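Below is one structure; the comments refer to it alone.
Labels run A, B and C following the written order; every chain starts at residue 1.
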Amino acid sequence: MQTLLQKYRATSFDSQAVVKIMAILVGLVVLASIFSQGVFLQPKNLVNLISQNALLIVIAMAQLLVIVTGGIDLSVGSLVAISSVLFVLFQDYGMAASIFIALVVTMMFGLVNGFLVTYVRLPAFVVTLASMQIISSVAKVLSGGGAIYAGMQGAEIPAGLSAFYKNTLLGIPYPLFICILFVVLVALYLRSSTGHYIFSIGGNEQAAFLSGIPTRRVKMAVYVISAALCCVGGVLFVARVGMGDPQTGAWIPLDSIAAVSIGGASLSGGGGTISGTLIGVVILSVLNNIMNLLGVPPTLQPAIKGLVILLAVYLNSARKQN
Amino acid sequence: METQPPVLSLRKICKSFAGIQVLKEVDIDLYPGEVHCLVGENGAGKSTLIKIMSGAYQPDSGNLNYLGDSLNNLNPHWAREHGINTIYQEIDLIPTLSAAENISLGIEPLKPNGNIDWPVLRKRATKILESWGASIDIDVPVSNLKVACQQMVAIAKALSLNSKVLILDEPTAVFASSEVDLLFSIIQKLKSQGIALLYISHHMDEIFRIGDRVTVLRDGILIRSGLVTEFNKSSLVKAMVGRDIDLSQRNGSQSFGEELFRADGITRSGVVENATFSLRGGEIVGVAGLVGAGRTEMARLLVGADRLDKGSISLHGKLIKVGSPRDALMQGIGMLPESRKEEGLVLVRSVSENIAYSAVEKASRFGLVPWGKIRRLVNDVIKAVDIRPPRPALQVLYMSGGNQQKVVLSKLLLAGCDVMILDEPTRGVDVGARMEIYKIMQQLKNQGKAILMISSDLPEILTQADRILVMAKGRIAGELSANEATEEKVLSIALQLGEAI
Amino acid sequence: MRTRLSPRLLMFAEKNSALMALIIVCLLGALFVENFASSLNLSAILFQYAIIGFLALGQLLVILTAGIDLSQGAQVAMISIVTAVLMKSTGIVPAVIGGLVMGALFGLINGFLVSRTKIPAFVVTLGMLGVARGLAQLFSDSKPVSIDVQSFVDFGRSNLAGIPVSAILWGAASLALAFFLGQRRLGRHIYAVGGSEESSRLSGINVKNIKLLVYVLSGVLSAVGGIIWTARLSSGSPLGGNGYEMESIAAVIVGGGYMFGGIGTVSGTVVGVLLFGVINSILNLLGISPYWQGTIKGVLILAAVALSQFRRVNRSR
């Protein structure tokens, strides 16, 4: 008969990390319930919580993939912005065409990111920092500077899309479905023959290369996939606020890195899980909630987020000592 | 020389790593104004000994005596400041700073107002270097200088700190002969200044040219120590090598299949020159040679980790292209790299992941991986190879060296390699695991696979290999069959000695 | 393993590629762009880019140790608020001192985390960026804080012989820093740490404290930038400084700095700042949408980093 502890030890180290974070989440949820006098745990509130974070969840998936390979993507916010702009701009040609164009453009940028990091061997954060600027300014040019509400020739955003965020199916908001869809897709990718390579590439690129893994191809692909996920995020954004905004997404890089770090991924690569990242998003959200309930001014929240990232990264790097 | 007391004395030094004893009660004395040569095969314990002398390692037991005082808890910083300096092969200068700055780093001369006195700083550098007759540009970043010049700057730096002991770890490994001459004239000058020098080298002629005293280590034990004049080349080699090997340990079938693998004229300029050999199914071919002979470099070329300048590789008689390790693996050629932690394993991931990486792609269709089947295969191989502890989810970094090595082997097995190139398969592995790895190799042999085994452990090569290739200076300098090979023969080819022993 | 042919010539070309670019761009501007060569415009460039200039000096120090400071822009905003708020209740001098001290403290935290923990510098300063923004918004209630002290504002906008005072201050700071890096032991040790931490440690250099120092200096220099910015706008704004660190990093790299430490000069950085200032001015005068400027700057920094990588690979054996 195995004790619970023995069972715990027998699981993979990644799963162990998730269990630890779960514990933190549970603790926070308890706190939140206390502060909100039980309101927090109501199903409506919880569902709301997740659907509000649909965008962040999708982006966090993207960031997770890049971070596991040992890189980082600071351009995710600007990719969301440009995708939202393109999506609205090309509405005249129909939803399918506008999504397609947005996808192509964002993936192109992702390709450039990946190329510079993998083949030119520039540090990922410099590349994505620079591309963030570039993408952001291109987005502004395309939209004429401010937000846009209609396509080039005046086509409006379809009403169905605007209602997207408000409608529910079986009580679950549509955005949540999209969210789940992409989380599942990412999970499938990680279980595919090329996807799971990112762990070894991030853990020890030399060893991965010598083991016959096509390291450069996979590393590049990850940045392209990240861009594609950001495109999805851009569409979600438009669905929620009804406009394309080139200035949005300023906090997305920070938030997504926070979620991934809290979720147990190490910034040097090689570790991290989807479930951990999801919990990371939820923890961030619950933290927000708690701060609101406690009356902490919203302006301090970026500061707290920054501190939380530092703490999470510090704990993760300390954990890696062998 | 001998009339003065030793500057640095080590007595009964013992050191173990992970249960393997690397130094057993070694004594050594360094006298002022003397060049003391330290010789031994790879793995004899030389680099561990000098690391203890420089303070990088602490001995498990034994004591050090420096200038009459006992040393406790020596650390590299203290050693450097008090006159014990080591010049390693990896030169520890600041590559972006000039030679002049490097020589005075940390002790830059200052003007009364606190600014650096550049003329004095430069003069310090030129004074030393010119007194040696070395013409080195002291103002360019040292990374721009030739390696030999960098060594000399490193030595100059050591001297500017009033060295009393200078340890040189295989300094001439990449030198041209004119540079060796310059180094030796510098060494003569250092001797006349009363500095005690410890010189580690494989080059016999250098030892007899510059050495005053020599100490031979073998398997961590002090074998002989005395004046260089008491030895000649063959007696020195015998001391380095002479041990009894139980030749009856050799086992395995003696029937070989047809030619499985062939390397023709493998060349990479400056590193490997015209290597040609073949492997038959069921054969274990050992590759012996000194450090720097080009064995690992050749292995990397064979699996496509580095680019070939010239040469070809054939499998089953057909020419194949090996442009990357991926190509090699897809065609059944796998390598166990020399440093498993840096190149062979993803330490932070689990055993099963490390084993399965190379095999996953072959097993999957349209990107879908049959994880259940892979899991079963991994478990099977863990059992077959007897990896301990048999926990597939355990992170590899928690395993012992021997088991880590077994993980790498399992990876090659699962990838279905017919040709395996093993680079130092039992380095840093305890005796028990070593035997198990030999057993696995024998099993593979019996299955008809071809193994190329690079090893610095001569007894290991002599017992395990059916045939031995000896490399020296990037070439295959000789080939011996198992029956005719002896340690001395192998070593003398490796050292490129003219006379037969 | 071969000695490079005339390494000095190569180093000269590398070091001066930015300068040559600057000269070329200035010539092109003078020839083809109306109003570019006017003293008014040149003065405006200096006026505007003196702030980035201060940031770039701090960034140079940090990059020399193979670090990076992504929080500079946020610090500018935070310091501007602190200075403005203090000036409302006290005088100019306490406000300025308060701002500088705040910058130093912030840099101290950055430096402490970078030197004493394993957290990578870009994560530390990214996190602290958030903290700085938050503090800026907290102290200002998310609204700009106006300054009524006219003498302060006047000083910020004044000229001396046609050159903005802020630019003169920047010039003086650059000279002082160049002197420090070239003539003082501590300055040379900063280069040593960037070149090889391990070798520096073995030579007795206190690597941790040097790393700490450069972030403190970056904080102080960002504070100076923030104070000047506040004077220029005659108010403190919590939203300002966006993307400033990008430009300061770009200036350092374009000026010959190396991301992985050990290489970079004050003169190169100054040229880099001027180059961006001139390009900015030309783009404005040509009427190019400010939105494209982000693209151009981003492309420039990528090109600069790629080139510096390329140079590095070619330089070593």
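We take it that a contact is a pair of C-beta atoms (placed from the backbone, for glycine too) under 8 Å apart; a residue touches a chain by one contact, two chains touch by 3 or more.
A quick note: this is a predicted structure, and the numbers were derived from the prediction, not measured.
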Neighbouring chains shared between subunit B and subunit C, ordered by label: A
Return the chain pair with more inter-chain C-beta contacts, choosing between A-B and A-C. A-C
If you average the CA atoms of subunit A and of subunit B, how far apart do the two points sit, in angstrom? 45
How many angstrom lie between the centres of subunit A and subunit C, each centre taken as the mean Cα position? 31
Subunit C: which residues touch two or more other chains? none
Which part of subunit B faces subunit A closely enough to touch in the complex? 303, 305, 324-326, 328-330, 335, 337, 342-350, 353-354, 357-358, 360-361, 364, 367-369, 371, 391, 393, 395, 397-398, 411, 415
Could you please specify the touching residues of subunit C with respect to subunit A in the complex? 68, 70, 113, 117-120, 122-124, 126-135, 137-138, 141-142, 238, 243, 246, 249, 259, 289, 291-295, 297-299, 301-302, 305-306, 309
Per the contact definition, I'd like the list of subunit C residues that touch subunit B in the complex. 1-4, 7-8, 11, 183-185, 188-189, 191-192, 194-196, 198-205, 262-263, 315-317
What does subunit A use to touch subunit C in their complex? 72, 116, 120-123, 125-127, 129-134, 136-138, 140-141, 145, 254, 257, 267-268, 297, 299-307, 309-310, 313-314, 317-318
Residues of subunit A defined as touching subunit B within the complex: 10-13, 191-194, 196-197, 199-200, 203-204, 206-214, 266, 270-271, 320, 322
